[in-house]
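For clarity, chains are labelled A, B, C, D and E in written order, and residue numbers in each chain start from 1.
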Amino acid sequence: MSAASGTLSVRAGAGEPLLRLARPVVGVAIFLIAAEALVSVLDLPVTTVPRPSVIAAEIARAPSTYAGAVWRTFLESFLGFVAGGIFGVATGVVFSRSRTLREMFLPLFVISQTIPVIAFGSIIVLWFGNTLLAKGVIAFYLSFFPVTVNTLIGFRAVDPQQVALMRSFGASEGQLLRRLFLPTALPQIFVALRLGAALSLVGAIVGEWFGDVTGLGVLLLQAMYNENYAALWAAIVLSAVLGLALYGLVALAERRIVFWGSEQ
Amino acid sequence: MIATAWRSGAPVAEPVRATAAPSAAAGGAAAAATTGDEQPIIELTSASKTFGETVAIDGLSLTIRPGELVTVVGPSGCGKSTLFNILAGLEEPDAGSALRFEGRSCHAAELLGRVAFMPQRDLLLPWRNVIDNAILALEIEGQNKKKARAEALKMLPEFGLSGFETKYPNQLSGGMRQRVALMRTFMFKRDLMLLDEPFGALDALTRTMMQRWLLDIWQKHRRTVLFITHDVDEALFLGDRVLVMTARPGRVKLEQPVTLERPRLPDVVTSAEFVRLKKVLLDAIEEESMKSFQAA
Amino acid sequence: MIATAWRSGAPVAEPVRATAAPSAAAGGAAAAATTGDEQPIIELTSASKTFGETVAIDGLSLTIRPGELVTVVGPSGCGKSTLFNILAGLEEPDAGSALRFEGRSCHAAELLGRVAFMPQRDLLLPWRNVIDNAILALEIEGQNKKKARAEALKMLPEFGLSGFETKYPNQLSGGMRQRVALMRTFMFKRDLMLLDEPFGALDALTRTMMQRWLLDIWQKHRRTVLFITHDVDEALFLGDRVLVMTARPGRVKLEQPVTLERPRLPDVVTSAEFVRLKKVLLDAIEEESMKSFQAA
Amino acid sequence: QDLTSATLRLKWLAQAQFAGFYVAVAKGYYKEEGIDLTINPGGPNLLTESLVASGADTFGLSGGTDSVMAARSKGLPIVSIGVAHQITPSVFVAKKDGPVKTIEDFKGKTVTTWFSGMQYVLQAVLTAEGIDPADVNMQPQQVSMTPFIEGQSDVATATRYNELYTVYQAIPPEEITTFVTEDYGVSFPRDTLIVNEETLADDPELVEGFLRASIKGWIYAFQNPEEAVDIVMEAAPTLNRDHQVYQLAEIKKLMLAGAVPENGLFYIDYDKIQSAHDLLVEGGMLPAPVDLKAAFVSGPLAAIPTEDKLP
Amino acid sequence: MTERARAPARRLALPSAILADPMPAVRALLGAALILAAWEGAARGFELPRYILPPPTDVATYILRNYARLVSSGTYTLIESLVGFGIGALIGIACAVTVTMAPATRGIVLPTVMAINSVPVIAWSPLVLLWFGIGMASKIVMVAVAVSFTVFLSTVAGLDRVDPRQVALMRSFGASTFGVFWRLRVPTALPLTMAGLRISTVRAIIVAVVTEMLGAHGGLGWTIYQSTLTMDFISVWAAIFAASVISLAFFGIVSAIERKVVFWT
């Protein structure tokens, strides 16, 4: 189950950094104004789409609550994402080393990904309580698998000649791993991490449906059952912002860490 | 003595090579004679290696004396890389083969870390800059990174890389990348260097430049070099001897001393002696390469 | 007339080339003389091409006569591929350049589909088998697939590909892939063929084999060929004339007629005339490649 | 300060439906009883009964009397120690200008209801009125009331405190017919407090203290609805305040209905529960009769003087 | 999956691969057996109550007894997933084609898609349920949304990765834009598109199941929801198991098709 595809480059033309920053801001502004006008003119019911200003007003009504929810959901996602990343890489390493373990357990990893987590919320609550950890676990559960798979793929891409060269220098297994295998696989691993960032957010939100007091998932549910469409859209928009932020964080880390790009 | 002779053109080997003999033939003979008495640095006797069904090499014998630059040519798939893998300690020859290194009989695995090996492609690590690629082997040896870097920095000009120390491989041309790879191999100070088609990936012109430059470097550092190539001109231009291998299973078909004076100037390739030797080699190769071309 | 002469060694060009002139020099001269009077198939006059800041070629003029095999050498980045892109119709030269094809002045874009172009790498489509890769151009032309396949099938033996018709590219060796790519180019029956380093990716021995084989094929089909290479031996071994380009911005620095008899046998490379021509070319190139090597 | 920690798992997210518990926490009533209580909200697909049974939570506000019986019949070691809503908290709604005027009109119409227990109530009502439930096009009801408001269904189900409010926001109450189950002799008290059998046996004081504090909280909430709503809104600031005020008023009606004025809050009315039980057994929703005396334990509640349980 | 044995072209590789080297399959079964045994041991050894973790043997018994019911709700979910998958795949591919064929649209479509895609699918469910009701339509829409994003992103990446030299070659043969698209871009994109489809299979089922839990007329998610409420915990696990089996089967079939279609990689 190879986790996905290469990078999509939305070609941001080179330019001054200020200009590069300004462009999306202007774009978003134009979009918001257009949406506001369109919804007003078409007089769409709030159940379809509320005007952006209505959504903004909703957020302004309880800004600290929304901020707290975003922060909490971020923490959960981040926790699960980091754990998933580490576990994914670790299992990738183990699986690439031991064919037996790989053939025994990788299929189980695949199967684990076919199980809808939401189905056993009670077990999660039972084992991990109503804690940040519980949501982190779900975020972890959703995000580790692509990392495992891509680590494996990345390791497989290591040039055997390169291994031979390092070994001819007398490199130990540990040196090979640290100086060759991991750096080689990093571009692949980051592809999975970008995917994992999005999945960990889904995990955190779904995790919050297992009885939590705060978080975007909670706000989403609450708005849904109270038929408060402005609040529903507020939660959706904030999820999008958080999703983009997480993605951006990973992309930023990728740019700094994998500065050399994948040479293929 | 010889074991460290490479360092800065140690006196033992230097005078012999550096002085250009008056006639090409005499120069070649002199080189062969001088080194003939020394103990071989590496010796492989009736080596064979089988991969499943494929017999890669069979009954291959080979003796390399310290300070020699020996080139190896042979048709594709004849077992050149297999030979190198054995000499680098990466692959154990089949039973019945005898391997001696610096006079002592040993297992191939014992050569790991004792022979400087350079594969066909530069294999630079894209996440390391020039300096850090160059010191890779030293780092693996456990040397102090700072000292290694300082040492590498001093070698840069000689390798035509001054000012490029913090550049990354993707910022270098093919020729420069090869020079970094060679520098990495040189910094791994071992008596024997194995170069597996180091210029194979370069275009013909850059390649010619690199050959001239390699001879310069070798002239100065004087190490024992075993050099695989596909290119007869290259083999002749660089080598003291040229080994022609048979089609698979590989053996040494012909051992041709190169009777061309050193230092070799660029236009040696159009000299009569060069052309004569080339003809000899081409004839020897023709037959073998025909065999393997049928399959290609 | 000439436009279809390639098909099966039409009588106009054939006798001239096929008969080996008694002396190498005479043969070369004869070839040049015969074609000299004919109308050029393509003519480029003081062409230039600029990419942003980079002036790739500047003031390049070139005349190719029907049936000729002209080779082009020059340092890396001197604009050889740019020249080909213009001749293939992929790139328009800057204003001030004049292009004539088969006697008529035209835009480069008009050449799209009228020139058989083969890029440096084989660029076979991995999802098409040998036959279907070979007929790609015909298919694009809108020809009947079945007929095209039948025609390709008949050509297979000549390209050394019999029995491989249903193999996929990843099942072929590098040499075979190149032959499929050449076959694809040949099947696109155009008077002018542009080959951009077709053997660049091959190892030296396979490359030699492919050169001999290409001459065979060309001898039979006799088409106008413009052939880029980095390799002076290759340029001499194949060409009627060798064009040496300057470093960027590229121009034709030297036009060297190759006074070697045809058919060229393998050992022509050790002939005195070959060595003499090589020296001439190397001297011409030396200067230019030095310029661009500094940068490399 | 030797507080015993305990948790209360709600059946849903924070809202005025649970105001009394939030008030009791805010006012420190649980602390007075030596309990450090944490309120854990519920969620879809989270079952209070199994969380209390497994010991993940100490107390639970479960779905209702029906779900307590179902849990007991499945062998979950939980017991109910009090019932909040004394009557069926949901009603069926139809538009006055629609085709449904009476219960008889349900026949052949589309009736949506929650399949989370409410469908049994509907079946019981229909059966009581001599209507074959099979004649009614009974559909699962989704979260939103919009389909009903827009006329996609003829009858929908609404909790008095939640969906009914939503409906009234769109359609004035005068134009809505409500069908109250008690009018057809069917009553399913809901929102029951549950506790693990083991907790009840090992720590009856805890249970009693919890009940005492909770009741105190509810009484305060009923007396100070504005402040109670404030306290709830602190836990869920994005809620609509007007709605919560409305909700608390409706919850008050539900919790003070039936025999509560005589017996106090959370009164366990065995007769009512028995009739609900019998309906479930008859309808095959419960595989076997459940020992109601064991399932609903009034002991801890009885230990609190009645006057302390009256608002 | 990742361990795609280099199958001989144009043949369903699975059975022959297993015959050729049964060890991976054996090890996979061994792994599964190990986990099941641990589960069974834990459930029985620690006497876990059924509402926490029923032993797999009980689940198996339940499945055998209620086979027909599981099959019917499984079919329901499968239909939703398949239809949603088909629609999503078509939309994803169509958008990708539009974006590559008309580069002007890229600047608008790509950021929009990225923004929409950064909302977790699950967050759309309330609105989708509202807009499309709780019947199959809403599940199909949710699945289609989830699938179309994955397919769109991978297809665009695939269509973009054509070798410009290859394009030049085709053009020199006189190929039109459409010719280049059809003969070059499409086959080049195929491996990535297929990979996107393969990954989407599992997601399709999960999204259908999860959406069903929020309200439905039937399906495995609905069964899970109902069974949770009626405290029929073994039925919950049976439904989870069924969902897992369906996902694996769907995944396996698409992988097999992928191997057949993308035979050259």
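Quick note on the criterion: a residue touches a chain if its C-beta (ideal position, glycine included) is under 8 Å from a C-beta of that chain, and two chains touch if they have at least 3 such contacts.
The chain lineup, named per UniProt: A, E = ABC transporter permease; B, C = ABC transporter ATP-binding protein.
None of the values given here were measured: they were computed from a predicted structure.
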Touching chain D and also chain E (ABC transporter permease), the following chains: A
Partner chains that chain A (ABC transporter permease) and chain D have in common: E
Pair sharing more residue contacts (C-beta pairs) when A-E is set against C-E: A-E
Maximum centroid distance from chain E (ABC transporter permease), chain identifier (CA atoms): B
Rounded Å distance, chain B centre to chain C centre (Cα mean): 35
Distance from chain E (ABC transporter permease) to chain C - Cα centre to Cα centre, in angstrom: 50
Distance between chain centroids, defined by C-alpha means - chain C, chain D (Å): 87
Distance from chain C to chain A (ABC transporter permease) - Cα centre to Cα centre, in angstrom: 52
Multi-partner residues of chain E (ABC transporter permease) (at least 2 other chains): 51-52, 126, 130, 213, 224, 228
Multi-partner residues of chain D (at least 2 other chains): 44-45, 47, 50, 54, 143-144, 146
Residues of chain A (ABC transporter permease) whose C-beta touches two or more other chains: 47, 118-119, 122, 126, 223-224
Set of all touching chain pairs, with the criterion as stated earlier: A-B, A-D, A-E, B-C, C-E, D-E
Footprint of chain D on chain A (ABC transporter permease) - complex, ascending: 47, 58, 61-62, 64-66, 118-119, 121-122, 125-126, 129-130, 208-213, 218-219, 221-228, 231, 234
Chain E (ABC transporter permease) residues within the chain A (ABC transporter permease) interface of the complex: 1-3, 23-24, 27-28, 30-32, 34-35, 51-53, 106-107, 110-111, 114-124, 126-127, 130-131, 150, 153-154, 156-158, 160-161, 192, 195-196, 198-199, 202, 205-206, 209-210, 213, 221, 224, 228, 236, 239-240, 243-244, 247-248, 251
Footprint of chain E (ABC transporter permease) on chain A (ABC transporter permease) - complex, ascending: 1-8, 10, 24, 27, 47-48, 100, 102-108, 110-111, 113-116, 118-120, 122-123, 126, 149, 152-153, 198, 201-202, 205-206, 216, 220, 223-224, 232, 235-236, 239-240, 243-244, 247
Chain A (ABC transporter permease)-touching residues of chain D, taken from the complex the two chains share: 7, 9-10, 12-15, 38, 40-47, 50-51, 54, 56, 143-146, 162, 166, 235-240, 243
Residue ranges of chain A (ABC transporter permease) in contact with chain B within the complex: 159, 161-162, 164-171, 175, 179-180, 183, 186, 258-261, 263
